[in-house]
Amino acid sequence: MEHNQLVCEDARVLANEGVGPRLFVVSLESPRIAARLQPGQFVHLQVPGMPDHILRRPFSVFDCDPQAGTLDILYQDLGYGSHRMTDLCAGDVASQIGPVGHGWQAPTGTERALLIGGGVGAAPLFLHAKALLAAGVAVDVVLGAATKAALATYDAYTALLGHAPVVATDDGSFGFSGFCTQPAADLLAAHAYDHVACCGPEPLMRIVAQMAADAQVECQVSMERRMACGVGACLSCVVDTTDGKRRACVDGPVFESSKVVW
Amino acid sequence: MAQVNMAVNLGGLRMKNPVTVASGTFGAGQEYNDFVPVDELGAVTTKGVSLHGWEGNASPRIAETPSGMLNSIGLQNPGVQVMKDDYLAWLAPHDVPVIVNVSGHSMQEYVDVIEALDDDDRVDAYEINISCPNVDAGGMTFGTHVPSVEKVVGACRAATNKPMIVKLSPNVTDIAEIARAAEASGADAISLINTLLGMAIDAKRRKPVLARVVGGLSGPAVKPVALRMVWEVHKAVKVPLLGMGGIVTGTDAVEFMLAGATAVAVGTANFMNPTATHDVIEGIRRYCDDQGVTDVNELIGGLQC
Amino acid sequence: MAQVNMAVNLGGLRMKNPVTVASGTFGAGQEYNDFVPVDELGAVTTKGVSLHGWEGNASPRIAETPSGMLNSIGLQNPGVQVMKDDYLAWLAPHDVPVIVNVSGHSMQEYVDVIEALDDDDRVDAYEINISCPNVDAGGMTFGTHVPSVEKVVGACRAATNKPMIVKLSPNVTDIAEIARAAEASGADAISLINTLLGMAIDAKRRKPVLARVVGGLSGPAVKPVALRMVWEVHKAVKVPLLGMGGIVTGTDAVEFMLAGATAVAVGTANFMNPTATHDVIEGIRRYCDDQGVTDVNELIGGLQC
Amino acid sequence: MEHNQLVCEDARVLANEGVGPRLFVVSLESPRIAARLQPGQFVHLQVPGMPDHILRRPFSVFDCDPQAGTLDILYQDLGYGSHRMTDLCAGDVASQIGPVGHGWQAPTGTERALLIGGGVGAAPLFLHAKALLAAGVAVDVVLGAATKAALATYDAYTALLGHAPVVATDDGSFGFSGFCTQPAADLLAAHAYDHVACCGPEPLMRIVAQMAADAQVECQVSMERRMACGVGACLSCVVDTTDGKRRACVDGPVFESSKVVW
C-alpha cells in the first residue's frame, strides 16, 4: 500500500444545516484534504469551542469536491461533541486531520456491487457509489433508517443513481417496513454480486457479513471505534480480526468482513 | 537575537533539544512523520515493548474526561523482533536518538528485552516502565514499592551499559522515596509521571466506559500533579529527570524544566494537535529568546521559592 | 411519575437526599443561602475546625489549572468557640443535619475538638479530616499510613458516639488499605477524596503560583481518580461512603453512587455555579425519573462490571 | 451591616469596545444586579467559551444605570480570561454573581473627598464620585496611567465633574509626568479632606495610605485578590489586616487603609 500522506488543515465552515431528526450536514472548505480523499476515508475533526474535551472526533466524508476543495460530513447529534457541532456557523474554522484510513476497494473486475447503509452509515458509501458508477460498475443501494425523515441521503443517492435506492424504515413510514437486512437479502438472492459494502450499526454489519459469506460474495465493512490519535500511533481503536488486533483508523476503517472477529 | 543552545544531556543520552515523546503516544515516529519529521525531536521514545509481544486489552480502550483522557491499551505490542525489523529499521536512517520503552510481566522479561536489544546500535537508551497501570502482572505493581523497584532496576542495570531511564508511577504515597530507590539501584535518569489510575462511568448504561473498568489518566488535567512530583523528585535525587504529564505548549515544558526536568516528553497533546512536539520545541526556544536565556540548561531546576 | 425516595442513611446520619457539600467550599451554608437555602441539602458539612483556630497560609492561595484548581488555604478557621457561637447558631433554626469537619495538628487536638463539640445537639456528625495537604503538622500526614490512621480514628471514636466519617487522602499507594484501617478503627462512614497534591508554576516569573508552593487539586479534572478510589474502597469495606471530587452535575453524582457512594459532596463546583448543589439534587432526581428508579438507594454500588 | 443579597444572573452583552491599549468596556444588561449595586461593589463573572477554565473572574463595576438595568465594566486584557472577554459580542450571555462585597463608605459629614485611581483602578471609583457629588460632597479626582491613550475614563470623569480630573502619566504624554502619587500629595497638602479613596496597583495604594495617614485623613483602598467563590465561603482571597485575615470578596474589597497590613 502506498503511503497515505496526512495533513492537518484548518477547515472553514461553508454551511451547516439540519437534514433530518438530529441529523446535519456540515460543508467545509478543506482543499488539501479534499484533493486527495478516497471513498471511505475519514477526517479527524477538532470541534471548536470545547477545550475541556481534548479529543478529536472522527467523521467519514459523505461527499467531496476535489476541484472546489470542499467536503461534506453527514453527522448525528448524539453526544457532547456532535451536539456542539450543530452550533457551527459559516466562517467558523475547525482543524481536521485527513484523509485518514483505508477506504473501500472493490475487487478488480467488479461488475455489480451492493451497498448497504444503516443510519448515518449511508454517508461513507456515497463516494464509493460515485466511484463505482464512474468505473462502469452496476450499483444497488439499500438504505435503512428509523423513519422516513431520517433518510437524509435519499435524494442524493436518487440523483446519483438516476433512480431511487431501495429503502427500509423501522417504523414503516417509507419503503420496506422493518430492518434493511431483508431487502438486502432479497437483492443478494436476486443478483450476482462481486462486492458488498456495508456501513452502519455493528449488528447490521455482522448480519450483512454473514449473508455475504453465505452467498460467497466479497464483503467490506467500515468499523467505528473511539479514537484518540486517529493516525495509527496510540492503539486505542483496535478491531479484533483474524490477523489479531488491527487499528480501525489506519488499517481500517474499512475491513474485509471475513477478517473481522465479531 | 542570540542562538539559544537547546542541547541537553539526559543521563548520558545527548539530545539536540529537550523534547521527546511520551511512550505509547507516538508509535515509533512513523505515524507522525507527515506532521513532524522525527529528526526534529530531541529523541524518540517508542511504545512499550515486551519480549514476544502482547495483545493488550479489550475495547473500548479510551474515555474522554475533563481536560484529560483515560486509556487502557494494556501495552499492546508486537514484541522485540518486530521492534527491530520494523520500527528500528524505519528509524535507522533518521538522525534522532532512540529510547526504547521496556515492559515485562516479570522481572526476567525486562532483562530479556534489554538483552535482546542491547547489541543493537539503533537503541540509544532504555526507559524502564515500572508504572503501567493497565496490565495485570508486572507494570505498576513493580513501581509502587521500594523493594521491587530496587530489584527490577538493579537487574536491568546489570544487563546494560546504555543510559537507563526509570519511569515512575504517580500512584504512590511518596514519589521521592521511590525515586531514591531507582537512583540507588542504578538509574541514569528518572522519568515521570506515568498515568494516574482513574475510571469513567456511563451513568445511563450503568457500566464502566472502559472494558477494563479502570485506566490511566493523562493530559492537561494531570499537569499540576506531574509538576509537583517532578519538583519533589528533583529535590530528592541527583540524576536528571525526564518530565511529562499534560505538556501541551512550550510554556508547559518550561514549567517542567523550572521544576527540575532536564528534558520533557509530549504525550496526549499529540492527539490534540499532531504538530504538538514541534510547537513545544519552538515554544521553548521562543521563551528563551524572550527571557534572554542563551542556554536551555539554565532553566533546569530554576524555580525560585 | 412516581415520587422518588431520595433519603439515604450515611452511617447513622439520616439525610433527606444524598447531597452534602465538600468541606471548605461552602462555609457553613450562610454565604450560599441566597442561592441555595441550606435546608435543601441532605446535610451541610462545615469548613474544617481546629481547637483554637488557625491563620492559614499566605496569599496567593489558589491557582486555576486545566478543568481544576489548586488551593492552599491551610485550614484557616476561627476555632471551636466561634463555630458554636456563630456558625452553629446560624444553622440551628434550619432543618438540615450538620457535619462538622474536624482538623488537628496533633492527635490530641482532634479529640479536643470533638470533646468541645460533642454535647452540642446542633452537631449531627463529624468528618475527621486526616487528609489535608495544606498544613505542615497533622493533616495529610495522618492519613497516608495505616498505623497513624488507626491511632487518630481510634482516639476520635473513643471520644464520640455520633456518626463519624473519616476523610481519606488520594495521595496514597493503596486507598483500600487505608480505608480498611479506618473502618477497623471505628469509622461509621468514609469520605473521599480530599485533594490531590499538585503545583502550578508561573514560567515568566519563575515562581510557584501559590505562596505555599504546593496545594490541593480539585474540580472536574480529578473526577476520574475520585471515581476509581470510591469504587476500590466500595469493594474493600462495608461502611457507607461519601463520594466527592469533581462533581458538577446530577449525572456526575449518579456515577459516584453507582461506584459505591451512599451520599455525595459538591465542592469546587459551587465556585463555578452557586446553585450547583441544588442542580445536582435535581439532576439525581431527574435521572431516577428517567430510569424508572423509585429509590435512590438502588443506585449505590449498582455499577455492572 | 445589612445582609447584602446576592443574585446569579445571566447578563446579556450590549456592547464591548476597545477604549485604549488593551483596555475595553463591556456593557451588560443585568437588571437585578444593577438595581442594587453600591459604589465599589463588584460582579463575579463567568467568561463564556472557556470551560477548561473553571473559575469566575471578579470585575468592579465602572458605571451602572439601575433604571435601565445595565452596567459597564472597564477591563484590561492581561490574561487568558480577560483576553477571551475581548471576543464578547452583543447578544452573548455571561453569568454573573453580584452585587458582591463591601463598597466605599465615606465618613458621615464628609465635605471634601480625594479619589485616586491608578490604571483600571479608576473604574470602581467612578460610581463613588457620582454618589459623593450627588450628596453634595466636593470631589477631587486624580488619575494615573502609563500613557495618554490609557486614560480611558478621562472623558467620563470630565463630564461627571464638570471639569477635567488631575492626570499623571508615566511617560509624560499627558498631564503630570510621573507617578500619580505626586499630584495626589500636592492636593492632600493644599486642601482639607475628610476622605481619601484609592484603587490601583498595591504599591500605589500603600503609598497613598501612608500619605493619608500622615495627613490624618480617613482613607479607603480596594484590594485585589485571586477569588474562587466570590461570596465569602472559600477563604481564597484573604487580606492581612489588623483584625487578622479578612476576605477581600465580602469583608472588602474596600478596606480602611489603616487596617491593611501591607
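Order as written gives the chain letters A, B, C and D; numbering starts at 1 within each chain.
Going forward, contacts are C-beta pairs under 8 Å (C-beta built on N, C-alpha and C of every residue); 3 or more make two chains touch, one makes a residue touch a chain.
All figures in this text were calculated on a predicted structure; none of them were measured in a lab.
> Work out which chains are contact partners of both chain A and chain C.
Output, common partners of chain A and chain C: B, D.
> Of all the other chains, whose mean CA position lies farthest from chain A?
That would be chain D.
> Roughly how far is chain A from chain D, going centre to centre by Cα mean, in whole Å?
Comparing mean C-alpha positions, chain D is 57 Å from chain A.
> Calculate how many whole Å lie between the centre of chain B and the centre of chain C, each centre taken as the average of the chain's C-alpha atoms.
For chain B versus chain C, the centre distance works out to 34 Å.
> Counting in whole Å, what is the centre-to-centre distance of chain B and chain D, each centre being its mean C-alpha position?
48
> Where the CA atoms of chain C average out and where those of chain D average out, how many Å apart are those spots?
Each chain reduced to its C-alpha mean, chain C and chain D end up 36 Å apart.
> Among the residues of chain D, which are close enough to touch at least two other chains?
Correct list: 51-52.
> Give the residues of chain B that touch two or more other chains, as numbers and ranges in rising order.
63, 66-68, 219-220
> So in the complex, which bits of chain D are touching chain A?
49-52
> Report the residues of chain D in contact with chain C in the complex, numbered from low to high.
Touch list, chain D to chain C: 5-8, 46, 51-56, 95, 97, 225-239, 244-245, 250.
> Flag every residue of chain C that touches chain B in the complex, lowest number first.
Contacts found on chain C: 63, 65-68, 70, 144-145, 171-173, 196-201, 203-208, 213-214, 217, 219-225, 227-228, 231, 246, 251, 254-255, 258-259, 287, 291, 302-305.
> Could you pull out which chain B residues touch chain A in their complex?
Going through chain B, the ones touching chain A are 24-27, 31-32, 34-35, 47, 55-56, 59-64, 66-69, 71, 73, 76, 219-220, 268, 270-275.
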